[in-house]
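The same chain A turns up in both complexes below, where it pairs with chain B and then with chain C.
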Partner chain A sequence: MHLVVCAKQIPDPETPPAAFRIDEANNEVIPAQGIPPVLSQFDGMAAEAALRIVEAAGEGKITVISLGQESAQAAIKQVLAMGADEGILLEDEALQGGDSYTTARTLAAAIEHLGDVDAVFCGRQAADWDMGQVGLGIAELLGWPSAIIGKDAKVDDGSMVVERVTGDGFETVSMPMPAVVTISNEIGDPRYPKLQQIMQAARKTVTRLSADELGLDPSTVGDAGARLKLERLFIPVVEGEVELMEGETAEEQAQALAAALREAKIL
Partner chain B sequence: MARNILVVGELEGGELSSTTAELLALGTRLVDGGAVSVTLLGSGAGDAAGAAFAAGADNAYVSSDAGYDDFRSDQWVGAVEEAMGQSSPDAVFIAQSMAGRDLGPRLAFRNDTAVAMDCVSVEDDGGDLKATRSCYGGSAQATYSFATSPAVATIRAKSQDPLETPNDGGGNTVELSGAGDSRSEIVGREAAVSEGLQIQDAPIVVSGGRGLGDPEGFEVVEELAATIGTDKAAVGASRAAVDLGWYPTSQQVGLTGKVVTPDLYVAIAISGASQHMAGCSGSKTIVAINRDPEANIFTAARYGIVGDYKEVVPALIEAVKNLD
Partner chain C sequence: MSVSERERNAESPAPEGGRPKRVRLVGAWWGPAVGLSGLGLISAIELGRTDASREVFFNVAQPWAVYVMLAALVGLLVYGFGRHATLWAIGQPTPGILREIPMRVRNAVRLGIGQEKVRRDPYAGIMHFCIFSSIIVLTLVTAQVAIEDDTPLSFLNGWYYLFFSFYGDLFGLIGLIGVGMALYRRYFDDFHRIRWDERIEDHAIIVGLGLILVTGFMVESFRIYTTELHGFVLEDGTQLEAHPDWARWSFVSYVIAEFLNIFSPTQGHMLTAHTWSWWGHVVLAFGWLGLLVFTRLDHMIFAPVNAFFLRTDAPGRLATIENIEEQEVFGVGQIQDFTWKQLFELDACVRCGRCTEVCPADVSGQPLSPMHLIQDLKAHLASVGPDLQNAGHTNGDVRSVSPIEMVGDVIKDETLWACRTCGACMQECPVMIEHVPTIVDMRRYLVMNEARVPAAAQGALENIEMRGHPWRGTMLTRESWMEGFDDVPIFDGSQEYLYWVGCSGSLVERNMPITQSVFRLLRESGASFGVLGQEETCNGDPARRLGNEYLYQILAMQLVETFKAKNVQKVITNCPHCFNTFRNEYPQFDGHFEVLHHTEFLQQALDDGSLQPRHSVGTSVTYHDSCYLGRMNGVYDAPRQIIEVLPGVDLTEMWRSQSRGLCCGAGGGNMWQEEIGERRVNHVRTEEAVGTGADEVISNCPFCIQMFEDGAPAIQPDEEGRIRPFDVAELLERSVFGTENGS
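And then the complex of A and B:
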């Protein structure tokens, strides 16, 4: 069995709001001083789902793929340290600056390049742009079925069985493989690599592939192939000022709040 | 420039969902002489067409096949594709619902076009559609244009106003094929949602966070909601509290939980991370109870109490009881 985990490196989403800055002239986020980029949370969870399947089967290989800059090696290494076997970094001038479409297209090409993949695991959404479409895009481009917002997945009798979160509970979906699964935080915290695993990961190979090696026409990927054009990136203004309730005791403050809400005809 | 707009409708208990009405109204604001069409799939679809016309649709593409009642991507994509073939849309609007999160990207990729997810506005900018959505966990907003057609956008619930006065012109109904094959099969289901008033519908939401310290902390949060009235107030939670297993997933408010827009949102022992605010910043009034005066929640709140919830919330319950 060969599983792929798609892992993206992103600015730390836990960056305090006060340290979050945008370069409005270039529509870019300015990396916060001293806060290194991280593996997108849900991608670690996607890796966890893939690892559980290989463990349950007692066999299988996991390849982690990232499209990004040189620094995305760190995201790949993190998933390798969790237990994945091989890494692929898609890093190339032609691949930079794309949108969800070009990302899915590039990742799908890498998956086809591997040839024998039984399932792809993605995060439910990358915690930078919060789009939630690359996993489905890969599925559509490869012609595979998919299940999104999974909290667990297992392989049962050759089918991919995914327990997924719905608006009002959970649902179990069974689909033929190869398939794409996207994973949500309901799976729980991903495993934490041991020191020894981190050292082993440092020695695992990370292959680099370019647009050319993937047989991708440069006009269809990266900035040139993007279909969604970012026109403006800005920080929304929060208006208004908080009125803190005065009072010596919690009782006095609570009474002031109840009175204010009554006054405003809210309670 | 006249444009045709297709709205992917959804039914709730056989009736047109309120979000579908919001999307249809958005369609009427952007159509500029073209036609607004809607797809309606599943039991009750035929009957819901009337409500869709009143909400702004000119054409309804319907199939009342019960095979559509459960959302399965393959079947729904097939049906919407059929309607797209007949209505030639320049834009397709889909709710950012459980179905829409799947359908939006699938449809866009199948039609070689782009989708913007979870948009809060779509505007006509000199003939081009521009969609705005939040990103970076709610810390930023991004406006996009579409290089390909049709433009596909999933739209956040309650971000658009429905028509003020219903249309009374009626419309055309076109039958769609019944549900086709699905590669995926739903083999199990577990309901995990609180009884009674749902947080998305409640005029008042009282939420608890990690600062409650333990699952028992939710007891006073629930008591506050009950004191306000079970017909008015529902209880929500931050993801940190849900991840700790203190409260059910179905009650999570935020980016990856539910989006609520109540008249009053009370955040108790919640720090106000951008990803939490993404789910409640549309509330009319936010009240924060937090012992840390520097907590980010106070930047979004209208009223606040700095203090320990263990003292403040019981006192607030008494104060609410003593109103009148």
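And then the complex of A and C:
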């Protein structure tokens, strides 16, 4: 069994608000000084789901793929330390930027390049832009079935059985393999790697693939191939006003409050 | 398991495979046999000399039997301790155990023979000193008798004999007082720590010792009655001269002998009674000494030896795993992974329960009792040790010998996580066991080898790894506290001191005012200092205490490099944990800096007049010693000296303070763990602070302050009159600047 985990490195979502800055002119997030990027938390959970399947089966290989820059090696190493076997970094000038579509297209090409993949695990969404498109996009491009927002997955008699989180509970779906699964935080915290694994992961070499090697036309990927255009990036200004209700007694204050709320058409 | 849990579980059957089998001294026969075989010579000589030794062995028909027993005892001791030693030998080498010999000898004398720690419980101190001195003196008394008998030397006569009789009786009496105190404590006092793990041997030891002393006095008084008091009548009818003037020197036996006059026994009756009591005394004495091998009586030897082995460096320093990347096993997962010194320590434990009595986890009904942890390890060593030795000799797979996991089965994960590394157990242990390194060694195995970490602690560790601080989800940056100050100097190597704010001092909202107070006071004092701001990063302390030595080493090595590159010479820390790490642990990575906690610096500034406490504060306070400033580094006085010079501050101590202070509950990475158990440690400690009636509880540690902030509303739900926690710096600031509540 060969499983693929897609892992994205993102700006730390726990960046303190005071340190979060954007470049409004260029519609870009300015990387916060001294706060290194991290593995998108849902992708760690996707790795956890894949590892559980391999452990339950007693055999299997997990390849972690990341589309990004050199620094994304850290995200790959993190998943390798958890127990994944191989890492692939899709690093190429032509692949940078882009949108959910080009990302799905690039990842799908890499999965096809690997050839014998039985299932792909993604986080339910990347924790920076929160689009939630890439997993479904990969499935669509590969023509595979998919189940999204899973809290657990297992392979049963050649089928991928996914326990999905729904608005009012859970549902279990089964689909033929190969398939794409996206994993949600309901699965719980990803495992803590053993030191032995961390050191093994550190020694592993990460394979690099370019657009050319994946057989991708540069005009269809990265910024060039993006279909989504970012119009404006800004930090919304949240303003609050406090008005203290006048009144001698609590009752008078309550009456004044009710009147004010009615005036504001809230009541 | 905590003591209370154990009591609850006492009725239910032992869990499967729970208690390892007790050590059995199979084959112990050859020990005494070896000793006995060397006996022919001695007994041959003795048989030829029985006439000459008549006075020493008065009224004793077969005195050579004593030497048979002595030989058997020596054989048994050699065998028994040899067996112990082979078990210790399965441990790993103990680095540096023979360094600093003079200090080690001092420890053996001061702590081992001088019993400094035993006296921390005054009742036990007196009791133990009585018994200890009595055994030493009476052994010397017996040895003198043997020398008198077995060598050409003769000195037990004249004045020395009378003095000898006097001190023999005196220390016999002192011994009986000690035994009486021990019996009272064990059977009549409403006192339970020594009964937490009571075994038959405990009764045998104390009752046996009592009987030895009692029979000793019986022997002596019967002899005195027939000889010195009444004049011995020889078989031919001659009566020897009576010497009541000699008898009075043996003042205890003399009183008994006089008392026997009431019954007017005949000389024949007395001689029979003397014979029986003599044999009883001798058999009991040898039997009792034989307990050295089987029971905790071995502490007579192991305690001073363990004092010799006691670490000579700072108690707050954990050992480094050298060449960590080349290890096959990280930390201690099986008994043979401990050092031999750690295994030796297990045998030194006397089950007195002092460690458990002061353990913050056990005090709060949480699943850790240091005494039981040591005893469980000891039983496990006895259970699997011999098989391990065999596997080792035959080149077998040592790691697969034991069917049960030491970490996980014998010592539960939650037991290891409940430790605060506060050092209270080590502070109290009268036989100098070092529990904390042993616990952290097993944590290292859990974290690095097995990756079994409680979720919250894992979060903290991952956060340190990813973000360089343990405060997951903080909204603050390392420069947030500087807002409103335009004159915070950044350290550039030209200043005298680096003011190390620390993660808690900058990233936790409650601690920002403390950092600001320290900053204002440093500025006021005119000190030359700077801060690192965004360049600060976790120094690794929580990672090390939580067992991730690898992460700690990476962080420590990086920071040592940073400090060197920035020409840091002197550091003032906000946090006692940073203080301990820089001061005691960074030298392991070639980082040698002069480290001060802010309370030490501020105390000096008050002393040399660069800070003036001008304003009366008008408050009553109690002072809480943080473990890593107090117990681990011995800084008890500087913070108190600050508090004492402040006008209008009334200091009341808690019933547990200074070296006996109770941990706030956050130590050992428990700041980032869910507590399991009956109570929270910080609630217990807050209760103790509230008990003083003080308005404020003053501490010196950001973790302690947070724990009190959390504990106060739980203990005093009513906000009116609730105790308020402040740092020493916040209190001092009020007096220096005259501001209210440090604002």
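The rule is simple: the second predicted complex is superposed on the first by the 240 of 267 C-alpha atoms of A that agree within 3 Å, B and C clash if a C-alpha of one lies under 4 Å from a C-alpha of the other, contacts with A are read in each partner's own complex, and residues count from 1 in each chain.
By definition in this document, a contact is a pair of C-beta atoms (placed from the backbone, for glycine too) under 8 Å apart; a residue touches a chain by one contact, two chains touch by 3 or more.
If you're wondering where the values come from, they're calculated on a predicted model, not measured in any experiment.
Enquirer: After superposition on the shared chain, which partner residues are touched by A:17: those of chain B (first), chain C (second), both, or neither?
Expert: both
Enquirer: Taking the superposition on A as described, I'd like to know which of chain B and chain C A:25 touches: first, second, both or neither.
Expert: After superposition on chain A, A:25 lies in contact with neither partner.
Enquirer: Hey, is it chain B or chain C that touches more of chain A?
Expert: Touching more of chain A: B.
Enquirer: If you stack the two complexes on chain A, which partner ends up touching A:185: first (chain B), second (chain C), both, or neither?
Expert: In the superposition, A:185 contacts chain B only.
Enquirer: With the two complexes superposed on chain A, say which partner A:237 touches: chain B (first), chain C (second), both, or neither.
Expert: neither
Enquirer: Let me test your reading of the model: by the given contact rule, A:228 touches which partner, first (chain B), second (chain C), both or neither?
Expert: First partner only.
Enquirer: What part of chain A is shared between its chain B contacts and its chain C contacts?
Expert: The answer is residues 14, 16-17, 189 of chain A.
Enquirer: Within the complex, which stretch of chain A touches chain B?
Expert: The contact residues of chain A facing chain B are 11, 13-17, 20, 22, 27, 29, 99-101, 104, 124-125, 127-133, 136-137, 139-141, 145-149, 161, 163, 165-176, 184-186, 188-189, 226-236, 238, 240, 242-245, 249-251, 253-255, 257-262, 264, 266-267.
Enquirer: Touching residues of chain A toward chain C in the complex: what are they?
Expert: Answer in residue numbers: 12, 14, 16-19, 33-36, 38, 189, 191-199.
Enquirer: Note which residues of chain C are touching chain A in the complex, please.
Expert: Residue positions touching the partner: 324-325, 330, 447-451, 453, 455, 458-459, 461-462, 466-467, 472-477, 480, 534-535, 550.
Enquirer: State the interface residues of chain B toward chain A in the complex, per the touch definition above.
Expert: It is residues 73-74, 97-98, 101-102, 104-106, 108-110, 113-118, 130, 134-137, 139-148, 183-193, 228, 239, 243, 249-250, 255-256, 258, 263-264, 273-275, 281, 284-285, 287-288, 293, 296, 298-308, 311-312, 315-316, 318-320, 322-323 of chain B that touch chain A.
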